[in-house]
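These notes concern the structure reproduced below.
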Amino acid sequence: MASSTNTQNAEPLRRDDSTVLSRIADNPWPAARWVAVMGVLVLLELGALLGGFLNVVEALLIAVTGLAEVTVGLVSSSLAAGILGFQQSAASTLSGLRADTEGIPTLLSRDVIPNQGYQPGGTGAWEGPFLGLEPAYAWALRLVLVLAYALVLSYWLFRGWLVFREHYRQMEWSPTDDVVDKLRTHRWGQFGIVILVLFLTMGLFGPAMGPTTVEQNILSPYTEDSRIEYYNAESGSVETVFAGEANFNAKSIGSQDSNVGPMTYDDYGRFHPFGTLTNGRDLFTFMMGGARISLIVTGIAIGLGTLLAGGLAMVSAFYRGSIDLGVLTLADGIVSVPRLLLLIMVSAVFANTWLGNILDGGFLLAVVFGLTIWPFLWRAVRGPALQVAQEAWVDAAKSFGQQPSIIMRKHMFPYIMGYLLIYASMSAGGIIISLSALSFLGNGLGISPPTPAWGRAVSLGQGLVSGPSWHISFIPGAMIVLLVTGMNAFGDGIRDAIDPESDTGEGGETTAAGGGG
Amino acid sequence: MNRSIYLLKRIALALPVILFGLTVTFLILYRGPLDPANAILGQDAAPSDVRRLRVALGYINPDGSPVPLWQQYYGVMSDLLLFDFGNSWAVQRNVSVASIIVSRMPATLWLGFWSVMVALVVGIPTGFFAGLRANSLSDYVASGGGIVWRAMPNFWLAVILAGSLTAGGLMSWYRHFPCGPNENPCAWRTDVVTTPSEVSNLFSTIDLFTGVPVLEMLFIPVPNGFNLLIAFKWILPAALVLGSASMGNEIRIGRTAVLESINSKYVETAKAKGLSPRRIIVKHVGRNAAIPLLPVIMGEFYLLIGGSVLVEKVFSINGLGNLFFRAIIVPDIPVVMALVFIFVLINVFVNITQDLLYTVIDPRVTLEDTG
Amino acid sequence: MSKVTERTQTEGGRETLVSVENLKKYYGGEGMFADPPVKAVDDVSFEIRRGETFGLVGESGSGKSTLGRTLVQLERATEGRVLFDGRDVTTLSGDELKQWRRNAQMVFQDPESSLNDRMTIGEIIMEPLSAHGWKTKQDRRERALELLSEVGLQEEHYYRYPHQFSGGQRQRIGIARALALEPEFVVLDEPVSALDVSVQAKIITLLEDLQAEFDLTYLFIAHDLSVIRHICDRVAVMYLGKIMELGETGELFESPANPYTQSLLSAIPRPDPTADRQRITLPGTPPSPRDPPVGCQFSTRCPAKIYPEEYDDLSDDVWDAIERFREVVRERSRQELGLVDQARLRLGLFSKYDDIDEAVADLFGGLDAPEAVTDAIESAREQVKAGNPDAAREALFDEFNGICDRERPVLQGVSDSGQQSYCHRHAPEYEPPETVLQRRSDDE
Amino acid sequence: MASQSPPDADADPSADGDMAANGEEPLLSVSNLQTVFYTDKETIYAVDGIDFDVKRGETVGIVGESGSGKSVTARSIMGLIESPGKMLEGSSIRFDGQELTEFSAEEYQAIRGSGIGMVSQDPQQSLNPVYTVGNQIMEALEVNRGMSGEPARQEAIDLLEAVAIPDAARRLDEYPHEFSGGMRQRAVIAMMLACDPEFLICDEPTTALDVTIQAQILELLRDLQAEHGLSIIFITHDMGVIAEIADRVNVMYAGEIVEQAPVEELFADPKHPYTRGLLEAIPGRTEQGEQLRTIEGDVPTPNAPAEHCRFAPRCPVAFDACERIPPQPVTVEDGDEHTASCLLYPEGETEAERAEHHRAAAGERRRGRAESGGEP
């Protein structure tokens, strides 16, 4: 056999699959360098990262137990109550843990770079903010640092993959490389990625990015913790006041003498990058809080929808016939009730029930979104799924007796995944829009107050658009446009990277992206 | 397969779809934690009143025993399928739901018609234009505009547009156009709660309040000129907003469809025949590019129904979307059920139309494929 | 011929490995509104002997690929049996089927699509082994590397992806995967059709070498007769779901008995510009497999068709015109009318069939046909114009039917070495096809 | 005349005039055609300086494996090369006395159809799926012959009948997908005939078809050629088809023509090692049971101007000089209609002499390109 002539060359191949660890042991330096920098980056923000991580864990926990509750609840309400109890205790444990993580020092926290304070005597150096800078500059400095940190961290994670590819991967080339390389020259897709990273940063590091916190400014502005110091020009002394009281005097309600616009200070020396709301709360902080809940709801919904769509697409493409027809009818049935109407209905019906209170109403919405978005995703990926199911390699796998589940996972899923990603990112835009539309409608729909929600801000500023308080409606909407555009750009980038010649004709994208909001 | 047999089969397949949609709605409304009696009468109503109302609403029997769910289901569904919508509980108490819906329908139809038109007239030409000049500056402007346009939430666009149209806004001139500042009939209003009479008059050949069957509404009569202008002016901003997402989609899909067609082998063959570029684009590219646009255009109806709730609310248009919102908040279950039923019917109808249209514009699509 | 005889001598008699009995594979046709089924494979029987290369040749739509796929149980047979070593495999299911699959593997036509391009070559070749839980992971790895060199690839190709290979190399990988489980029987479904000539030759050589080394039995499917002639020991020629002729390659190519085989062979372009030979160009196109002829499948195009005695004196040209006209009418009877057309037909406003005149003029224009023929054509034309192409089709059938139109022939032996042909002309009462074809070509 | 040693083929313009007087001027004369494609990574010389002629009424075959540049040649002649492809300066395509490379878009549009028609490989995709076959044929009639209405319809029916489609009148109103593959290709041919061209480029017109249908189409093309006096370029990868249809053959390899010869001569006495290999690789020519000869290695992508023989890495008889000198066409047979681009020729010279011959010819050719600005 020819191999005998080739043994020397083949020796490393003949050995058992060497694990990544053993390959790292063979050539430790590139990995060590990467790990060292990563370690520093993580240590810098350990508290915030842990906090963010716990947030995600909590959202997942609530999502999973919530789903279990609903399912079990159909059979036995007492069991559901048990799950609810577990959910609450677990959530409170997690909250406790999160409180602990706040104790872990973080470099880019508001403690290290504070921005609130006052000018003793009304002019001159500031007391309180970092290095005596003006609050605006102190805040801007922290914001820029946080954003820069997030971008560097994301890049470094990507860099980790590059190190792996260059030094530790057995394959010199893989199809993924082409995708990544194409994305690296795809400016529009990169714009999408940057936007996504920015908004994820807002979700994770939101508390450090706002000029004040959601807790102090919005949720409990009348507790002792929420007292702020300011220089009272009338009395000429530094006084303290509840944030809530200060808010009361910092309303933006459309008249010239009662308006705190973007990039201005209010009477209490507080800087408002986006101005204030009609109730005097800080719009920027409100937006950061809204980002978190929006992203959590969207994440759960898209996760659920993608899971259902991907699984059903593979099953219906593999078996076809009546299974396909069954899924089609189910999908048509779900789609037949316009999604926004269904959401309004469910939201209204379940307002103020225990189910409607999980995640401030967000959980229920996420589930309904997930259960109603999959038909669109399914329709969009059914074409590619049918196509891949007809490839000869699927026949080949069948011909040697491979199990259907493995055929779907190994031979079909990798192809569908790209398309799922494309349509998921585009549908996510639709979800964000619909979610804020519900909050905009109010009346118990959408995310319940006082938890910040973007749509509610637009609603608050309705009617003030043509006056000095234009920012209340305008800025949140512009943020949504930016995020949705970013998601679409991301989807476009992935599409161009995986399949430059694919057409965009099919219906999935159309309805998914518009969302009806 | 024969077209009529196909149609029958397609309708047969639509039945489970309709039933599914209605059943889900029924379960949410009747099995969910909704208590219409309390909601209608308030928390501190006398128990006897509540009880009487519940009997009237069909939740409990006169003897106090609850009506079984399946019985409620049967009652509700059979009434719906016979187009018997019953009377309103709360929105306009004891008025027939059919007449309420009929009275609100003109505004929504008018809005829907123009939002489809706006999207078609602006979106498709822009998309074709961008596709024909792919990768030029004008392409980037057009398709970039389409992308952003599509990303704008309807409600936000509506708020901003309504804001800039009010006194002191950037586009306040629109209020006075075309009659000048003082002529009342031309003034554009955001504050109206009722449909302007001009819009009602558009449809004046049909008596709107006698409970004519809904489908009769589709025979839209010929309007008179000035009313038409006023009504158009009144609806244009809302239609622009409602058509926005579809317009963005059409730009985008139109562009890729043109690009795909222009790079095809048959266009090359057409060149080899010695055809002029103009002829190739108009004849050979145009019709092929229309095929992928069909689902987008049909998809507009879907976006329309959901979007009408928001847009009608912001622009205070007294149409079906607004009615649905009020009905679900109150809650007025017969109105909600009836509206959902109508929307589902429209949806199914649009889907079947789309399948049939496919066979018309694309001769390759056979009737078997689409089943 | 040499190859066959050599082997037969060295190995003695050949036993049967695969035996196909009355196999049918129909698609569709179920349900209330469905069209009639596509008869992709329609009652086919043959045997494949151990160690031989059995060729299956035919034009597209002849059902050869479907037959191959049915043999390895990628498609379920509608009817009939496939005996593998005497065991009927069409009834197997579950674990039994999976176990049996190790014996029969397949190589696919399109090297672009037969390999999952998100998997490395190593993973691709190892997959059949893993699916059958073959030994340990380490052993599977060894085996994959072995197979790589077996098919002429390098071991360092193990960690590469299909994208990094040319069409020929990909086909080698497909062959390695098919051989992984050490099958006895391999179906090669047009393995070289998508390749350039110079690459094609290499793959054919490789297949020959592997067969010798591992005692493989091949079913080689192709539309390229020269490839078949080169590699196969015995060959079956398919047309419209039916085997037209079957025999040892050399004999079949040297002295084809069936009119279809003869036409097919004469249609191959030979890379020899000086060759001067009689070509039989078949008229028309194959009929739809949903609506095959009642009689012999080839009867609509056959140059040696048996015509009814009463028309014995008709010239070939007139017969050609009649057959083409029947094809036109058949096509029209399959055409469906829309709702509007049906309504117009009822009201007598329908004119869509009037252009049949044009067809008649075109076909019979310069011909001198006897009255009996023109009368029959004339009445058929009237019936078509009246909106009744079905009736016209029936009438033409009744008027011009010979045995080829009415009855299916049987596959019968035509030589001592087992050559079989599917043609009525082999019956003693008719002239043999060769004579007829020879006469026709002499006439031209 | 047709035969020439290409480097100096168009050196003497007065020669053209003489030939015209003899009535022997080729209908199409391609010289030094270079078509390159610019991709992100590299520049591909898909067609790299080829020369050939087509006389009136003859069929010239171009044969080669995939990637040899035969289709790009066809598209270059049709003026269908679009970005990222480009025909380099110095390429010349003379058709009926006109220099096509200097044509404007409008002029090209006028010559397409009525001057040069094209039938391409995939009949499924070359017909517009949303219009009836009749519509597309009548369109060609309208644009190229100014016919419309009933006369155009009658002419379209006649054309379909001419390409042996039965029941033409009904077929006219059918859509391309209702046609079978062979009939579709006939319809495309009918459509091209509707343009009434003098010259037809057939780019693998039978590759997607079955042999019996292929035989029908080849027969049809031969009949049409006789009837209309068409000149045809027939492109294929199938040596058998070439043997049947072509009068003269160009063998292409990696963007270059490696051998040109009348068809009988090419098959009887192939000169270039590549042509030989190609013929020997065809199954069925050799005795059954005998091993097929194979050509080792793969077709290279021509991503740089030729500085050597592109076939050398696979050539069984290559020698050192093959790696350094780009071979130039040499007459290898009496009557100078048979040329081969190979350092083995001219026969009878020593290796060094042959190398020098080719080096000099290559230098001359390069200078010629530089003068016309063709060298990038």
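Note that the chains take the letters A, B, C and D in the order they are written out, and that residue 1 is the start of every chain.
Just so we're on the same page, a residue touches a chain if its C-beta (ideal position, glycine included) is under 8 Å from a C-beta of that chain, and two chains touch if they have at least 3 such contacts.
This structure is a prediction, so every number in the text was calculated from the model and none was measured.
Undergrad: To get from subunit A to subunit D along touching chains, fewest steps?
TA: 2
Undergrad: Can you check which chain pair, B-D or A-C, has more C-beta pairs in contact?
TA: Of B-D and A-C, it is A-C that has more C-beta pairs in contact.
Undergrad: With chain centres defined as mean CA positions, report which chain is farthest from subunit B.
TA: When every chain centre is compared against subunit B, the largest gap points to D.
Undergrad: Could you put a whole-Å number on the gap between the CA centroids of subunit A and subunit C?
TA: Taking the mean C-alpha position of each chain, the two centres sit 57 Å apart.
Undergrad: How big is the gap, in whole Å, between where the Cα atoms of subunit B centre and where those of subunit C centre?
TA: It comes to 54 Å between the two C-alpha centres.
Undergrad: Approximately how many whole Å separate the CA-defined centres of subunit C and subunit D?
TA: Centres of subunit C and subunit D (C-alpha means) sit 33 Å apart.
Undergrad: Which residues does subunit C have that touch at least 2 chains other than itself?
TA: none
Undergrad: Multi-chain contacts only, two chains or more: what residues does subunit B have there?
TA: Residues 291 of subunit B each touch two or more of the other chains.
Undergrad: Please name which positions on subunit C make contact with subunit A in the complex.
TA: Residue positions touching the partner: 69, 72-74, 97-98, 101-102, 104-106, 108-110, 113-120, 127-128, 131-132, 137-138, 141-142, 145-146, 149-150, 152, 154-156, 158-161, 163-164, 174, 177, 180-181.
Undergrad: Over in the complex, which subunit B residues touch subunit A? Could you list them?
TA: Residues of subunit B touching subunit A: 13, 16-21, 24-25, 28-29, 32-34, 147-148, 150-157, 159-160, 162-164, 166-170, 172, 245-246, 248-249, 252-253, 256-257, 260, 291-292, 295-296, 299, 302-303, 305-307, 309-310, 313-314, 324-325, 328-329, 331, 336, 339-340, 343-344, 347-348, 351.
Undergrad: Touching residues of subunit B toward subunit D in the complex: what are they?
TA: Residues in contact with subunit D: 264-266, 268-277, 279, 283-284, 287-288, 291, 361-364.
Undergrad: Using the touch definition up top, name the residues of subunit D that touch subunit C in the complex.
TA: The touching residues are 65-66, 157, 161, 166-170, 180-183, 210-216, 218-219, 237-244, 246, 263-264, 267-268, 277-279, 281-289, 291-295, 298-299.
Undergrad: Within their complex, state which residues of subunit C touch subunit D.
TA: Within the complex, subunit C touches subunit D at residues 1-3, 6, 59-60, 166, 168, 196-202, 204-205, 208, 223-227, 229-231, 249-250, 263-264, 266-275, 279, 281-282, 284-285, 324, 327-328, 331-332, 355-356, 358-359, 362-363.
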